[in-house]
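Every chain is named by a letter (A, B, C, D and E) in the order it is written, and numbering of its residues begins at 1.
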Amino acid sequence: MIVRKRQNALALLFALQGSVLPRIFPQVLCAGMFGLMVAAVHSSHFANVAQYTTSPFTLLGIALSLFLGFRNNAAYDRWWEARKQWGRMVYEVRSLVRVSEALLGATHPERRELLVWLSAFGHALRGGLRERDVRDEVAAVLGEARAANALAAQNPADYCLREAGRSLGRCFEAGCIDGQGLRILDERLTGLAEVQAASERICRTPLPYAYTLLVHRTAYLYCYLLPFGLVGSMGWFTPLFTAIVAYTFFGLDALAEELEQPFGETANALSLDAICRTVDISIAEALDEPVPEPLAPVDHILL
Amino acid sequence: MIVRKRQNALALLFALQGSVLPRIFPQVLCAGMFGLMVAAVHSSHFANVAQYTTSPFTLLGIALSLFLGFRNNAAYDRWWEARKQWGRMVYEVRSLVRVSEALLGATHPERRELLVWLSAFGHALRGGLRERDVRDEVAAVLGEARAANALAAQNPADYCLREAGRSLGRCFEAGCIDGQGLRILDERLTGLAEVQAASERICRTPLPYAYTLLVHRTAYLYCYLLPFGLVGSMGWFTPLFTAIVAYTFFGLDALAEELEQPFGETANALSLDAICRTVDISIAEALDEPVPEPLAPVDHILL
Amino acid sequence: MIVRKRQNALALLFALQGSVLPRIFPQVLCAGMFGLMVAAVHSSHFANVAQYTTSPFTLLGIALSLFLGFRNNAAYDRWWEARKQWGRMVYEVRSLVRVSEALLGATHPERRELLVWLSAFGHALRGGLRERDVRDEVAAVLGEARAANALAAQNPADYCLREAGRSLGRCFEAGCIDGQGLRILDERLTGLAEVQAASERICRTPLPYAYTLLVHRTAYLYCYLLPFGLVGSMGWFTPLFTAIVAYTFFGLDALAEELEQPFGETANALSLDAICRTVDISIAEALDEPVPEPLAPVDHILL
Amino acid sequence: MIVRKRQNALALLFALQGSVLPRIFPQVLCAGMFGLMVAAVHSSHFANVAQYTTSPFTLLGIALSLFLGFRNNAAYDRWWEARKQWGRMVYEVRSLVRVSEALLGATHPERRELLVWLSAFGHALRGGLRERDVRDEVAAVLGEARAANALAAQNPADYCLREAGRSLGRCFEAGCIDGQGLRILDERLTGLAEVQAASERICRTPLPYAYTLLVHRTAYLYCYLLPFGLVGSMGWFTPLFTAIVAYTFFGLDALAEELEQPFGETANALSLDAICRTVDISIAEALDEPVPEPLAPVDHILL
Amino acid sequence: MIVRKRQNALALLFALQGSVLPRIFPQVLCAGMFGLMVAAVHSSHFANVAQYTTSPFTLLGIALSLFLGFRNNAAYDRWWEARKQWGRMVYEVRSLVRVSEALLGATHPERRELLVWLSAFGHALRGGLRERDVRDEVAAVLGEARAANALAAQNPADYCLREAGRSLGRCFEAGCIDGQGLRILDERLTGLAEVQAASERICRTPLPYAYTLLVHRTAYLYCYLLPFGLVGSMGWFTPLFTAIVAYTFFGLDALAEELEQPFGETANALSLDAICRTVDISIAEALDEPVPEPLAPVDHILL
């Protein structure tokens, strides 16, 4: 995630970081070059270039904007829902920290156990979503042996949650908490299971592939036919305009594609590492252990 | 559901799998041929073809885009809500696995009973939504006799849930759980009943039929009148443009129709089989039984 | 609700059932005739017809599409929310069936009482929303005397729910259920009260009347001014185009008006009868009584 | 709230009640007169009127429709959310009526106390939102002395809810209900607190003022520049068209402004009085007191 | 937040307060000056100015309106969600006031403790979101020493909530409340934790930076190319029109940027101070302490 103060208007015009421009530059250039070619042939009178009026493009532009707008909304909704779920992780853990102290006392050994598994849960879920090795982070809280067990499971995050549930089960059996207490604590775990299921849903269920195809193809057809529509009235300015239109349409396409997968490690993805750290801080404070520093953005990017 | 890595721009342009193009190809071809006919008659001067300007089409295009955009949003919302409900099934089952261990102990016979019925519930619901025979899958977890009973019920999924509730009732009567425990476990079953009701709602309540008619008719009228609007300014390019516009409008129409029924077995439908397998894995792990493999996409398609 | 298999493209073009066309045919015809008149006067040169260009209509078309699109979304949201609430009724009743068996046992007389009132609740609510006499259905489950009492109340559906609550109160007083059990069962009744309140809200609070006026008037103004904009460039095709545009705008207007009241008995309204039957089936199965058949669509229409 | 049967198309065209037309008539007239002036000057050739083409207006029209559409959606969402919250009040009170009978018995004196405070809560909240004196209604249920106390509080509605909570506290202390019962009843009060907070939020937090300004100014600029764009092609019809466009844009603006404050007493505001009466009926039936009549619309308006 | 009575149409046209006009005036002026320059060069015939037709701008305008509309919706949703969360804070605190009296009695010392921490929670959260020093307000309720401790924590708001939880823990241990009571009270604290997490999410997760770039750049390109499209048909009116278009597009851009951060202290930001005061009033009334005045808007602005 890119975090930076609002810049002035000029700086914004030329910022590159986080922009989709570098990614779509080749495509925009191609479209512009094609526009240049059309303009050159048109101006040379060497060949008779088909000149359309622009009005059919308005028709097509409505359809294209329909697709792009829809896809963009859907992608942003996924991104924002993912952020909400990870925000929920923070308050579920904080609530568990708070209420477990009231129910079990601050120093109950099972409370430590419970919270340690939650910290591991965050890292395991993050590891799964980002397809990254989180052995070190998990081992730091669980110890090597248990971390290896957890990460060897089919679904490590679910394993951590089950272990946290077992910790509750032991408290219940030992009479430290009654049914009511079990319910209070288990509701938080169910909340975390919901976070996990929602994250996996967003991560593993892309937008229907047919949308990607429809949007992509319409945008290409549009941008490569456009020069024929413009060349009659705009002459040598055709490539410039074609490139600008291509920039807006390809840019929105690329951005939607990036937001569709909010758990990646691109510049516009969510800062899962920082959220896991927030969770770790809450847990460390609760256990009176040395509190780690919150993650700071590196070069304006918070991972 | 189609699962594949992002392809490069060129590959996307020519991908066929998951595309709606094969389905709408005849309609697009027809529209294009009609455009060709109009252009031919126009160019032959043999007959006096009515030439409209394109501006009335802009008016109609606004209305059509209104219909298509609305219908597309509604269809996608159904698809995504269906996916959310099935994601909820996953976390409700996982939570039941976790909390039943805390309440009853890992090896309580009624816990096995309970979880087995949940596995059957998933398959029975899937079978009902996809109108597919799931006798084998249900029999594998319930045994032949009970599976036959379950599938003979008016609503097999509801039957499984009721049997799971009976298992809870026996625990409650035997004193293994108190009212609080019953409540904790029953809330999960209520969640599953909600998943079922929502799935049946989406499956059995199509979008109002009048929308389908209005969209379909307007799209046809539009695409078959368009050549008259284009032929004056675009001549022999009329068929090409008509086909492109028909592709975008018919394509979105066909896609919305496909997403409207997210439980089908088309390429863009949800992967119910894979989700049921995820549920089975969680249950098998909980019961210390051999854990099945997660379903892998076959030819990029995950059913 | 119209339930039919997807038809082929041609059949869709000429389907009448469920279409709004019959309802708006007079209005579309009028607009077309007016267009014809304008074209005739224009062509006769007898009188000097004002010819506008079409561009001002684009401006107005944007505003009109804004109104129609908004109203359509709002109407569909009401329709879908109503369907969700009635789907909720199904799972609340099923959950009550399930958990009352666990808490009270399958054959407890108060359980029968409770479920019978719920069946009556569904019919009473449906009767109120559809302004239809449901004495027979209610009497079938409650007996004549109690049905007469229930239907004589200010709000029969609320009366049934209160009686169901009284049944719970008797169980509570007799010690068959404790506070926890009362809570589990009462939560379901609260859910049903929510279904009722939401249904009454949708039924009794139409969209603000001013929207209806604004949309209606703008659509009329638009369609009756349009011929003057078209006649210059389209001549004798003016009536055709005017009729098509009138069809799309009046059609969406009529459809939105129909969906705004999802509890009616029109072809696009919700199938409340069928949902009540689903509830009755669940209850009959629970009480081991003869199970009625699910309602089947008659002539593709499910009431 | 305006409640009337669907009228025929002609009646709708000329209905005045509930229409925003009377409110915006002066503004529409002004715009039309300005258009007439432009047309007159143009036709007299006395002065050289700037004639634009209409195409720049399409650009501006897109932006304006963006603002108006957004604002309209936001205003309607507020209106509908307010209606949902007041519908929630109905079912929370009905549920409280139902479950308090099960827990306390129908004739427990504290039950009467509790319900009486809820009735007062509804009137006090309505009074606060509508800035109306509700002393009579509150005194009718609470008696003069207690009503004076309640209405003298900083927040009378909150005061009533607190008193209802005190009634619960007395029951709890006297052992009439246990913790579970307190929880069941208090959940309903929390729901009512939510209704109150949401109503106050909608009432006291207008849409950001800058939107009002931006929409208002753009609409004015648009309508007063439009005659220059139309006069070239439409001549003496310029004032007519300008007035129609002004009617649609100013009309939507005025309607959005009215819906933004759904608790007012305008024709399109919510019928808070009728909802309070519904609540009173439920409570009177529960207490076996004379049941008041439901409020009927006066001259099609339900306050 | 700006709170003022609806002004008449003329006053609205010239209001400055809360308007984004002052902020974007330089940009609008620049665009207008550039338009003037283009018009001057064009009219002087000194140089051959490229004249485009306006139709390509319609294409680009569709894309730009897509971006601006989307961004505006997203920003407003954040603003309104933030307001909802702070409204939730009000009813969670009021409910805690109410139910803690029922459970603990009005004068229990831990009740005072609990409520005092909640008041501190509101101020600490506000301080964190607005990056403002709230030592005085927190010290007023907690005393200097405890306030210093609270504000020295990594996350002061979370610290206050944890301390409130400890207060509940002491009540639970002392037997003043049982598990059920703990649950009732803790649910409210969990609600407040949710408010905090949501506020921090909105505050710390800006809209993806790439949107800001894409919108900003497209708007600039558009407004600086527009004069070339207008100059042919509009001559010396080009700068006026360019400035108007720039005002609408830059204005919406600036407004969206302002609403994106609803916790700031700009004129359109939320009135956090006033909400905290509302909370303080509820708590003071509950503790029978001198009740502070509600905050009144200063110069129409409520902070």
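Throughout what follows, a contact is a pair of C-beta atoms (placed from the backbone, for glycine too) under 8 Å apart; a residue touches a chain by one contact, two chains touch by 3 or more.
As the structure is a computational prediction, the values presented were derived from the model and not from experiment.
Trainee: In this assembly, which chains make contact with chain C and also with chain E?
Mentor: D
Trainee: Taking each chain's centre as the mean of its CA atoms, how far is chain B from chain D in angstrom?
Mentor: 38
Trainee: Can you give the whole-Å distance between the Cα centres of chain C and chain D?
Mentor: 23
Trainee: Would you mind listing the residues of chain E that make contact with two or more other chains?
Mentor: Answer for chain E, listing residues that touch two or more other chains: 53, 55, 58, 62, 69, 178-180, 183.
Trainee: Testing understanding: with touching defined as stated, what is the shape of the graph linking the protein chains, line, ring, star, complete or other?
Mentor: Its topology is that of a ring.
Trainee: Name the ring's chains in order, please, starting from chain A and stepping to chain E first.
Mentor: Traversing the ring with chain A first and chain E second gives A, E, D, C, B.
Trainee: For a test of understanding, state which residues of chain C touch chain B in their complex under the given definition.
Mentor: Chain C reaches chain B through residues 1-4, 6, 9, 12-13, 15, 17-21, 53-55, 57-58, 61-62, 65, 68-69, 72-73, 76, 79-80, 83-84, 87-88, 90-91, 94-95, 97-99, 101-103, 105, 178-181, 183-184, 226, 230, 233-234, 237, 241, 244-245, 247-249, 251-252, 255, 258-259, 267-268, 270-271, 281-282, 285-286, 291, 294.
Trainee: For the complex, give me every residue of chain B touching chain C.
Mentor: 27, 50, 52-53, 55-56, 58-60, 62-64, 66-67, 69-70, 74, 153-155, 158, 161-162, 165-166, 168-169, 172, 178-180, 182-183, 186, 189-190, 193-194, 196-198, 200-201, 204-206, 208-214, 216-218, 220-221, 225, 257
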